[in-house]
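Following: one structure in structure tokens, then a few remarks.
Residue numbering begins at 1 within each chain, and the chains themselves are lettered A, B and C in the order written.
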Amino acid sequence: MTVDLDTKSMDMSCLGLEMYSLIGELYPICRSITGNGVRKTLQIIQKHIPLEIHEVPTDTSVFDWTVPKEWNIRDAYIKDETGKKIIDFQESNLHILNYSIPIHKKMPLAQLKEHLFSMPDQPDWIPYRTSYYKETWGFCLPDRILKSLPEGEYEVYIDSSLEPGSLTYGELLLPGETTDEVLLCCHSCHPSLCNDNLSGIALVTFLAKYLSQKPLRYSYRFIFIPGTIGSITWLSLNEHRVSSIKHGLTVSNVGDSGHLTYKKSRRGTAEIDRVVSHVLKNLPQEYTISDFSPYGYDERQFCSPGFNLPVGSLTRTPFGTYPEYHTSADNLDFVQASALVNSFETYLTVIDVLENNHTYLNTNPKCEPQLGKRGLYSTMGGKQTTPEDRMAMLWVLNLSDGGHTLLDIAERSNLNFSTIKNAAFALANSGLLKVCLSSVST
Amino acid sequence: MTVDLDTKSMDMSCLGLEMYSLIGELYPICRSITGNGVRKTLQIIQKHIPLEIHEVPTDTSVFDWTVPKEWNIRDAYIKDETGKKIIDFQESNLHILNYSIPIHKKMPLAQLKEHLFSMPDQPDWIPYRTSYYKETWGFCLPDRILKSLPEGEYEVYIDSSLEPGSLTYGELLLPGETTDEVLLCCHSCHPSLCNDNLSGIALVTFLAKYLSQKPLRYSYRFIFIPGTIGSITWLSLNEHRVSSIKHGLTVSNVGDSGHLTYKKSRRGTAEIDRVVSHVLKNLPQEYTISDFSPYGYDERQFCSPGFNLPVGSLTRTPFGTYPEYHTSADNLDFVQASALVNSFETYLTVIDVLENNHTYLNTNPKCEPQLGKRGLYSTMGGKQTTPEDRMAMLWVLNLSDGGHTLLDIAERSNLNFSTIKNAAFALANSGLLKVCLSSVST
Amino acid sequence: MTVDLDTKSMDMSCLGLEMYSLIGELYPICRSITGNGVRKTLQIIQKHIPLEIHEVPTDTSVFDWTVPKEWNIRDAYIKDETGKKIIDFQESNLHILNYSIPIHKKMPLAQLKEHLFSMPDQPDWIPYRTSYYKETWGFCLPDRILKSLPEGEYEVYIDSSLEPGSLTYGELLLPGETTDEVLLCCHSCHPSLCNDNLSGIALVTFLAKYLSQKPLRYSYRFIFIPGTIGSITWLSLNEHRVSSIKHGLTVSNVGDSGHLTYKKSRRGTAEIDRVVSHVLKNLPQEYTISDFSPYGYDERQFCSPGFNLPVGSLTRTPFGTYPEYHTSADNLDFVQASALVNSFETYLTVIDVLENNHTYLNTNPKCEPQLGKRGLYSTMGGKQTTPEDRMAMLWVLNLSDGGHTLLDIAERSNLNFSTIKNAAFALANSGLLKVCLSSVST
């Protein structure tokens, strides 16, 4: 089957605005690893794709972990002695230490300060902090405000709940020609932070929407889960499914202006690793490829030794390496529609390579076939052949011995996968190639 | 068996003149992929070596191809309105588009121009053009003349024939101690072009002549064939023989002043690839080693996936990368006796390595043998040992465990193959080494 | 078993003085490959460690070699016509060509000169020369003295004996938890030369002394042998034992001020090669790692193809590459206590890695275990964890799939072995890791 995934027929600036607009719609919601913020987020995504919502009860055992209590928050503030709100959750949900337990109490500044978090090196930004597994409360605020607080009594109010409930995640499976799966996973637990990871949510949503309109070789599974506990929960509940996952990527930080970065799967030479590396190397822009490390996003769980799935991470600027990371400066100004579009196109190119990376057999393996008598020296797929097309045909014929995928041929010939793919299509149409059965999963 | 192939006892400047003189004798002949020019060329070579001439009839099926009609040409010219020959085949056989069909007709300049080929960027040179598989006619000429042609009627005359006949090639087998073969192949289809490939023809001829006087381990097969269709024809007729080909080289462009260039076989790590790379690395001069590519000379056919023979290509400046390539400037001034000699010596060194690249077994593998009591610390093969000789003996003893050829040892020790070979001979003479049976093909 | 080999509880400057002092005690003794000098040396070492002394009779066949006659010397001099001793063995035992036969004779200068050896490029130093396998006599002297000798009759006197006797070597086995052995070998045949190799003798002596007080996984075999003939003799007599040798090092030139140098075993990727390379790469100082070569110390014999043992050579400045090498300038000023200590510490670190280089199994391989609930995010082994400790735990958990040793993990994570080892101990203590049985030799 010939699959052509490209953006030629799409209005990309329109797509950029749609992704950006979804980010804007989700931005104000206070998300966490559980709670109504996640539910509301997934409901908004359902307006674009038919996401299935899963609820996993508190206290469910998931490998070494336990699904935590559900956290919800309605309001929170700190008032000074004059009754003026000096910190107000309604202004930014980053002001609250995520998973703060309820409190309503007056206390002097010294005692309050033990629960206040700021960034002295970025005095105007609110940091993002969480305390999922240690019950406490706290507020995050700009260091400039923290430093300006006068001595005195402060009123602290957090109207939250931490109670049995459930962990919520969204999932969509697009069935393809085979049951082999490509997994795309984004974490959906961060509150008002745009690049990390509303950008990933938006990209996965619109990628799913695009692919749902295409006939595909692979089945595609999209999951929107809270970080760490979400992937652990998903893997625990879906352990029987993981053998179907042939390739995967975790999606985050795809909206900033930095260049693309690929972190390889633990295997290091999995097909997904080679495919993404090839695609990045053929981009006109800068890129970074780094080896697997057991720190990062949910690839940590997919790549734990008991699973060792071929799941890498394709981002723009990696987490922790830009100053705005996990602060209020990761806002709507920090992500750009053009960067989202560039990330989307790159993901689509990766998927195009995965879909078309067949192994062919040269049906005429002894000496070269006579391309001229088949018209292939002058035209290929309806277009005039270029010298590069002719080289691509010679390479495909030479290496289609059953032991080389088209990606192998692209890498050895130093030609772009799409050039090799087009040459293979033309040769296959002339009967000079046939797909190796073994390269088609069933 | 000890084989010593070197040029110490030869008069190399004499050999250079002989090769150059053969090129001069063959230069005026109008060759093509078929026809009397090839026959005449092979007859001249027969004055040096007992070449067997093969004729393969037109329309013989050879894999995906068919042996074409035989082309012969006697005369051709273009006359202007005054009857003056402005292009004359007798002056240069490059003036004719090779494989032009006969014509005798008058036509205006505009119509004529559709059949004229020149090189605007080299206005004084005649390009070399062919049309083997599309029946047409044409003339090649300096761009300066093309541009100077006035409007008017021109008389076009080509006295050629394109008729059933045969494809002619020459072959010589020198039987060696074993039936394993080394293949040396040159294309013999180009008209008055010296480097490409009268230089290859001359080198192969005199290499065959030299080797025919030597006792050899391998059998050597020399073939003089038209490019592409010739190797396809040879492979089609000799398919049962190819399993005997253990090493091979296509020989072309060996007379220019550029440095040596080796293009590896498709296998990339075949013994011939390693041998030629070793020899080039140990030359005092510059060199280039490049990976296999499915474009080039007849290695394309030998390295097609259905054969995948260990055949590389050892040239000086590669085809297509010097301005004189495929033009009238690839003439007798462009090739030099000294370059031919340097190429010849390099080929001979390659063959010497192939012949002597045995695997030995240290007969005294536990600890070092006492070289001193055998006199090997001071003399080796009748000459005083150098420190390098002593290191070579230690390396050969250390690595002769049945798993390392002498070339492996040369590469690992960073010593020249000939130093290692001499050490191995001395040690074998002292009974400290014996040849592994498995390293001798039968 | 947890083994911790470090120098924290040791007084290293004291150890440095002890090693230096042993060198000083051994320096005046005239050693050779046989004879009383070696016996006296080994007796002095016995004051520190319970060395077993072996005597192998002259003429014993050892592979391709024969144990030579025993050489002893009492006195030697050259007197000029006035009866003045111009060369006196009592002043430096380097003055005598080692293994000189006895002589007492008068001769003119010209005849004497055939037996005199000096170094024109170092006119004040006495060279070290031997003639073990060719019976002759000679004296070594500063070139300045040689050049100043007037014509005349000289009296030559060497009171030596070359008679049937034995070859003497020392050996100590420290049994460990397993019978797998680590071999540490130093050559003990050089006369008054400090770096080569009294430094090696001192280091091995004190290393054996230190290790004898520790519970160990491996058994440790220390041998003090004459170079070449000694290791050949040992291997010949202990051929049945060599399969127990899992790792080995030859120890020499460990007291000079140069940086550490590791020469790999013939295998090149043996565990000892990887361990020493890792240790050197993690030193704050410069180092050199070089490939195996069949020239050098007794690793030549251990690495001969019939044994191919994993034995490398860890030195400071390698033999032959410093001007003082094999001259009277390799004296007590040339070696330094601080360099001996640095070498000792490096050897100990190597042994610590060997001892602890287990393969573990993550007992919780599916997703990450929850480190927080075990307190491992904040404390590890009683100390507060650093970010590096946390990364080390994640790496150990991720790669402990039964296919990676701790050294593999250290290399892949680019962390120091000791950091990885400590993380593994902490995880094992929490039950998150268990040692793979297959990684423990029995």
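In this text, contacts are C-beta pairs under 8 Å (C-beta built on N, C-alpha and C of every residue); 3 or more make two chains touch, one makes a residue touch a chain.
From a predicted model like this one, the values you see are computed outputs, not experimental measurements.
Asker: If more than half of the interface residue numbers appear on both sides, call it same; otherwise different. Which is it for subunit A and subunit C?
Answerer: Comparing the two copies, subunit A and subunit C contact each other through largely different residue numbers, since under half are shared.
Asker: For subunit B superposed on subunit C via Cα atoms, how large is the rotation, as a multiple of 5°?
Answerer: 120
Asker: Using mean CA coordinates as chain centres, what's the gap between subunit A and subunit C in Å?
Answerer: Those two chain centres are 55 Å apart.
Asker: Would you please write down the residue numbers of subunit C that are in contact with two or more other chains?
Answerer: Residues of subunit C never touch two or more of the other chains.
Asker: Would you tell me which residues of subunit A are touching subunit B in their complex?
Answerer: It comes out as residues 362, 364-370, 372-373, 391, 394-395, 397-401, 413.
Asker: Flag every residue of subunit A that touches subunit C in the complex, lowest number first.
Answerer: 62-65, 133-134, 228, 231-232, 235-236, 239, 266, 293-295, 300-301, 303-308
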